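Going by the order they are written in, the chains are A, B, C and D; count residues from 1 in each one.
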Amino acid sequence: MVAAFAIVGLAGTRLKRLEWGGWVAVAFSGAALVVGVLIGAGEMLDPGRYTVVQYTWLHLGPAPGVFPNGVSLVVGTLVDPISALMLLVVTVVGFLVMLYSIGYMHHDRGLPRYYAELSLFLAAMSGLVLANNLLEFFLFWELVGVCSYFLIGFYYEKPSAASAAKEAFLVTRVGDVMFLLGIFLYFSRYALAGPAGLGGWAANGFVFTNGNQPFLASSMGGNSTLLTVAGIMILGGAAGKSAQFPLHVWLPDAMEGPTTVSALIHAATMVAAGVYLLAVTSLFLGFTSLDQLVIVAIGGFTTFFAATMAVVHPDIKRVIAYSTISQLGYMVLAVGAGFAMVGLFHLFTHAFFKALLFLAAGSVIHAVGTQDLFKMGGLRKPMRVTAAAFAIGGLALAGIPPFAGFWSKDDILGSLYSELGTHPAYWPFFLLAFAAVFLTAYYIFRAWFLAFSGDGPRDPTLPHAHEGPWVMQVPLVVLSALAVGSGLLIFWPNFDTLLLNGAGAAGIPPVFGTSDLLLSAASVILAAGGIALAWRLWGNGRVFVLAPTSAVAPVRTLLLNRYYFKVGYDWIGTRAVYTVARAADFVDQFVIDGTVHGFERMFAGLSERLRRIQSGLVSDYAAYVVAGLLAVFVLLLLVAPYLIATVGGK
Amino acid sequence: MTDLPIVGFVALSAALLAIGVFGILTRRNFILLLIAIEISMNAAILNFVYFGAYLGGTPGLTGQSIAVVLVGFAATEVAVGLGIVLALNRVKGTINVEKATELRF
Amino acid sequence: MDVASFVLPFLPEVVLLAATLLIFLLDVLHVRRTEIVGALAVAGAAVALLLVVADLRFAPLASLATLPAGRIDAVGSPTALFAFTSLGLVFQGVFLIATLLVSLASVSRPSDERGAPIFFGLLLLATLGMLLVTVAADLIFLLLAVELTSISTYLLVAYTRRDPRSLEAAMKFYIIGALSTTLSFFGASLLYGAYGTTNLYAIRLAAGPVGFPVLVLLGYGFLIAGLAFKATLVPFHAWAVDVYDGAPTDVTAFLAGGSKKVGLFAFFLVFLAPILFVRTVGGGSPFTGAAVGLGPVFQLTLGVLAVLTMTVGNVLALLQKEMKRMLAYSSISQAGYMLIGITVGTAPAIAGATLQIFAHVFMKGAAFLVVGGVAALGIGPLVDDYRGLGTRRPLLSVAFALMLLSLAGVPLTIGFVSKFVLFSAAVQAQGFFVWLAVAGLLNSALSVFYYARVLKVMFFDPAPAAPADRGAVVGASGPSILPAGGLGYGRAVAIGLSAALIVLVGLYPQPVLGAIQLAAQHFVATGA
Amino acid sequence: MLPLISIVLATLLAGTVATFLSGTKARWTALATSLAFLAEVAVLFVRYPGWPGYTGAGIPGFAEGESYAWIHLSWLQINYTVGVDGISLVLILLTAILQVATVIYSWGEERRPSAYFGLVLLTCLGCFGVFVALDILLFFLFWEAVLVPMFFLIGFWGGPRRRYAALKFFVYTHVASIVMLVGLLALVFYSGATSFDFSAVDAAARGLTGVVQAFLFLALFFGFGVKFPIVPFHTWLPDAHVEAPTGASVLLAGLLLKLGGYGLIRWAVEVLPSGLHTDQPILFAVAFLSIVWGSVLSLSQRDLKRMVAYSSINHMGIVLLAIALGSSLGLLAAVLLMFAHGIVSGLLFMSAGSVHHTFGTRDIPNLGGITPRTPALSTMIMVGSLASLGLPALISFPAEFTALLATYNGLGYWVFVPLAILVVTAAFYLWMMQRMLFGPEKGVPSDARDLPWYEGVGMGILVAATVVFGILPALLVDVIVSSPVKGFPGT
């Protein structure tokens, strides 16, 4: 069933040569949506059902050492509550973005390529969430990375787009490498050190399940250096994909791609795969407490760190991109603290309201042809739907009840807060995450006010704005509904059980909805404060100009320059590495080849010198004969007997 | 016959060989070279004679007869040498081996 | 004594002698046409070769246990002048093949009427000397037979009598040759003094020297020097380059392909005995006083000579710009390889060296025949003059390339098989000899440089703008695939035959190698 | 029983000769031969697993074996012995695929096509021979026989510095062959093997002491290693590749480098396991050096072909690493990697060749934004690059994954070195694509056309192989695993 879906997605890529290719893609993604909803609904109505389909892909035979029982690589699908949830996100957002693209991408060249790549992405992403083992997970993980690479570089004539695509691939590649090492470490951990009956884990192909039951982290137990390193490596992989500090640099640059791509890949699905990976790992494989601290630290820090950069950016898409990094930080934080389900819940809601924000931003860009917030203004009049959608997304992001973001973000903060007693080391990161709530509300409404409030565009050369076609509006409306409603899922009677079943059996504290009312109130007040500040500075067409002499001006420069991370990475990536490469090239050409040529010259010189003895004068030749005779005598009478006597024969 | 001072005789022929070889190394005139070759050849012939005499009996006779053969051979060899001298002289106008160094290196 | 029983074993030699006499007789009768005289020489060599091969074929080589009566009398006797050995027979075959190829190539050569009888007559006479060397059982007889070859070849080099280069070559050849002869005879006289006999078998069988022990080493030392001249070992090699260069190219082919092997076979006869029958010389080592086996002493000395010869030959060939001199240096280095076989001294090694010598006829001898043919096409003597030959003369170039590749020891050629057998024999002997194999292999790696350079020039470099093909008789313009175009059919056949054998034996060496192996085992087992 | 391998050899030989003689029709002869070869290899493949009862003339562990006396002397027993096992079969398949692709790709060769195609077939013949030979002399013969046609291909059809490159190639590989030959001979004679056959040598070598094994292994390692090529004996490779005509480059990277890997497995690792064990640190050091060096140097190259050539050094370094692990998992990885690299580097070299034909230069900085003008060529470059940097669903991924897994299995955290280098590998391919394929158009002549049909088909075959075996690597793995890897504990 699910495998068929992947094939449908792949087959879809082949049909895109036609003029109406976009609609074909929409149709296929619609079919996928139906399948996804069916699966999701099935899990919701009958939670705790695990459906495993599995084939052996490769049998590599036994390997003495770490894998004495042999290694099999399998492919298969595992449908469980969390994968169903993810699949729902992917198919819903995928379908809506496809639909939206019909309008948004209308004027672009290379549409067959666009739809083919997008379809391939959807197929790969679906495969990723349904994978039943780490290897398959990694396989699709790489595939979505490549799709992302091509889609970021969709406008490949633009050097900045080509460069951003490369950057995205490379930075995530760093993460991938760590991920792969993490896989190996977990492999060996469960192949050798696992409890009885689990030794065959590796032989079974590293699947998450044992028969029809999931392997769960608690059954492994224990702390070890190996497991710690493995966890850090998995975190590295996730950090690359989910753009966590310090591998966050690629995501803002990835905004070079079409906005639809940003919405689907770089907001809702692919970047969330990192969080999904962490969640899956924490549920099935287990993190040590040190790992957890590191993950919490990374997540908490990223949350705040990315939010600060969003505060000053003039580009509407990049503001949302930083926001994505920041929100992903929340999820990482939650997973790290042991609340995988909570993190996934935020992932779920975030996918909808962030896709909404992007699509709304896309609508704006479609209308005015620029991404610079400071050129826009007063757009709420000609674009009512978009303005409303952006506002709903913003409210959800800011965490204002009853919008979806409130429920999930509040849950994260609450869960973390409940852990502070046992883990005082989490305090600073809790505070950072808490502070980020304020920043989040501020920057997203700064963007809203800049774009939509006021009387008209600040740059009068902008074209007259108008709302997009219905194919663009429908997704906005649907996503708006989801941005409001998806958080309410928390009140679904089965929802608790649904997610608990993923975790409860594992013995992970099923903390869910343990929000402290006081804490919730504080965060809502903080968010409201952020919105108010934004109104104060930017509302109603105001433009807040920071005096260059102000004390915070250097901070602003620092933020605008993204803490100089990009500069530093560029330096490493080009200057440092290329210098080493040039040096190596020099060694190759002059030292190694030079040595060889030196030998050549030596022989040539020897040849030249020896040639001289061939003087042409016969008396010389006779002299050589005599010299040779004497040499033979020396050899025969002295050297040979001496050598034989000392070395002892031949 | 066995009390021949054989060491002395061999020393003599060795000296003869040395003289001949010295001549070959130092002379530049082809004719003189031929003479030097003959001198050194005679050292070998003399050796056969001494040793023949020293060994005596049938083995001794072998040496003597070899000496006779070698004398004939030496003559043949010199004749060929002279033929080359003549040809060389006709073509090059000289029999100085120093002048014949066209082939070298 | 029954004349027939004396003459019959010498049938090949007699045939050659008869042909030689006939040629000189016809000369007197003013019948000097190249075709007639050449045909006579070819016929003589061919008949002799057939007789040798028939002997090899029908003599029950396969059985080592029972030695046949008749021509092969392997044991020899302490008083005999001759001993017919199967290995000697193999060498007779090698020599006759060389002669046959050279005379075949020279048959249709445009040469002056006056020169033909001298050329072919001397060629056969030299061959006669070579054949006699292979049956020698007596040191003096051996040296005299060598001299018969030497003197004939001195004259052969000079036979044009007008070319100053040839005459210069002959002069050098003669002087160094005569000096070496002197040294050889002097050495022989010392051995005679030490052992009281000049018979090789008697020397071998003698318990020890009757005279002064040091004479033995000195005598062998002189013999090494004297015979090394013929075998072109470094540092006794200097003449060879100039002579190979200055001599008429077909004579060079004969010198390189044929007569130089005489020296090597003489090494076999003279030195294998002390190596194989490791006996001590009284008096012992000057260092320890202990008795020293002759074998190791010779092996070390010859090993040093072998390495020196290979290396110097190859290094000097590296930069040679003239084709003939390059091939001459290569020829010197090949002698070094062959000497490895003698140094190791086991039956496999001797077989390897013999095969190498056999192969060298087709590789180097035929290569010089090609050079002679190319010169007849009006192409200059420098390696660079061969530019573009590959396009203009594809077949000739391919044949030449085969010979060079074979010299370099590239597989699928006879040169590879021979080196393979030789070096594997050295490795098999283990110890010190492995290093000989390594030295040999490294040298053959070095040699690839200059062979490859010729290939590069022939096939990759563009032909010179002005066609240098003016001497070509057939197909003067444009590529000609006619094998004989301008070469003469005899030469074409000789070259083609050699190239074919290089590949055929390279692919399936069993028949040749099997015979050589038996001969070598025979040689080692019976002491000669 | 059909002497199948001899039939294949005869087919190739006849085809080669016919091609040499068929003048302007040579490409057709060559294509016919190649297709026949491919069909025969397919038969070999189909018959391979569990062909009942016939394991060859007493050659344990091999199928389709044939053995005939060749040179039998008292101390040399040399046979014409051939046979295949899983390892060789996979590499033979690679040979056949590359041969077909190369012949089609080179369809437009106008300079002396008969000689060109003849030499191409001869090279493949030699490689096939190396993969089937089970006798030391036969092996060496084919081994060397590959050099000569390649020398001519580079030297005659190559680029401006072709003579230097051809000579360098020949000399390097020839010197290595000689060391290898000494090693093999010593192997026979020191072990006292009764014949030059693999089985005999393999059996006898077990009796060698550890020191001798280690020493012999080193000699063989050097001999095979230069072909790999291992750093620091690698400098012939970039020069040879850059100057070689495209077809020759493909064969050079796709097949000739594999000879080194195959030789090392067959004649050193399997025969001298304890030698491998002793020398392992050296091998690891060399492998890591090659991996890092090849990758870092790829970064600094401007010439597309040179870049790909250096990346070959990197990939073959991983192969060496996998072999050096001395585990059956490692060997499996090595063989898979060799297959993958053969196909992918072939594709990349063809791309580089087409870039050169189309734009007159391969200088990456001088080209830019070629995709709109030559979409097919760009696609090929992308597929090749992505495959080379290990994208899943393409052939390199299962191979690299297995190799890394094996490395982790054997070396633990050291696996981080090749892993980290994966980033560098990605970097230079991405850099190349960014500059050459994307961005504003630069350096594209006005008459530039996309791939001619034959180049497209030639590359298409390789792309197909990349995808098919990438998705279904079990086709290869099952064959490799089914053959018992000789000489390892735990198998």
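Keep this in mind: a contact is a pair of C-beta atoms (placed from the backbone, for glycine too) under 8 Å apart; a residue touches a chain by one contact, two chains touch by 3 or more.
Remember, predicted model here, so these are calculated numbers, not experimental data.
**Q** With respect to inter-chain C-beta contacts, which pair, A-C or A-D, contains the greater number?
**A** A-D
**Q** If you average the CA coordinates per chain, which chain's centre is most distant from that of subunit C?
**A** So the chain farthest away from subunit C turns out to be A.
**Q** In angstrom, rounded to a whole number, how far apart do the mean CA points of subunit A and subunit C lie?
**A** 76
**Q** Rounded to a whole Å, what is the gap between the Cα centroids of subunit A and subunit D?
**A** Distance between chain centres, rounded to whole Å: 36 Å.
**Q** Please work out the Cα centroid separation of subunit C and subunit D, and write it as a whole number of Å.
**A** One centre to the other, that is 42 Å.
**Q** Counting only Cα atoms for the centres, state how far subunit B is from subunit D in Å.
**A** So the centroids are 65 Å from each other.
**Q** Which residue numbers or ranges of subunit B touch two or more of the other chains?
**A** 21, 24, 97, 100-104
**Q** Quick one: which residues in subunit A touch 2 or more of the other chains?
**A** Those would be 611, 614, 616, 618, 622.
**Q** Report the complete set of touching chain pairs.
**A** A-B, A-C, A-D, B-C, C-D
**Q** What residues on subunit C touch subunit B, complex-wise?
**A** 140, 144, 147, 151, 154-155, 158, 161-165, 167-172, 174-175, 178-179, 181-182, 185-186, 188-190, 192-193, 196-198, 210-212, 241-242, 245-246
**Q** So in the complex, which bits of subunit C are touching subunit A?
**A** Within the complex, subunit C contacts subunit A at residues 171-172, 175-176, 179-180, 183, 214, 217-218, 220-222, 224-225, 228-229, 234-236, 238-239, 241-242, 285-288, 290, 292-293, 296-301, 304-305, 312, 315-316, 318-319, 431-433, 446.
**Q** Which part of subunit B faces subunit A closely enough to touch in the complex?
**A** 21, 24-28, 97-98, 100-105
**Q** What part of subunit C is in contact with subunit D in the complex they form?
**A** By the definition above, subunit C touches subunit D via 347-348, 351, 405, 410-412, 416-417, 420-421, 423-425, 427-428, 430, 434, 437-438, 441-442, 444-445, 448-449, 452-453, 455-456, 459-461, 508-510, 513-514, 517, 521.
**Q** Help me check something: in the complex, which residues belonging to subunit A touch subunit D?
**A** Subunit A residues touching subunit D: 56-68, 71, 73, 135, 138-140, 142-143, 146, 153, 156-159, 161-163, 165-166, 169-170, 173-174, 176-177, 180-181, 184, 187-188, 573, 577-578, 580-582, 584-585, 588-589, 592-593, 596.
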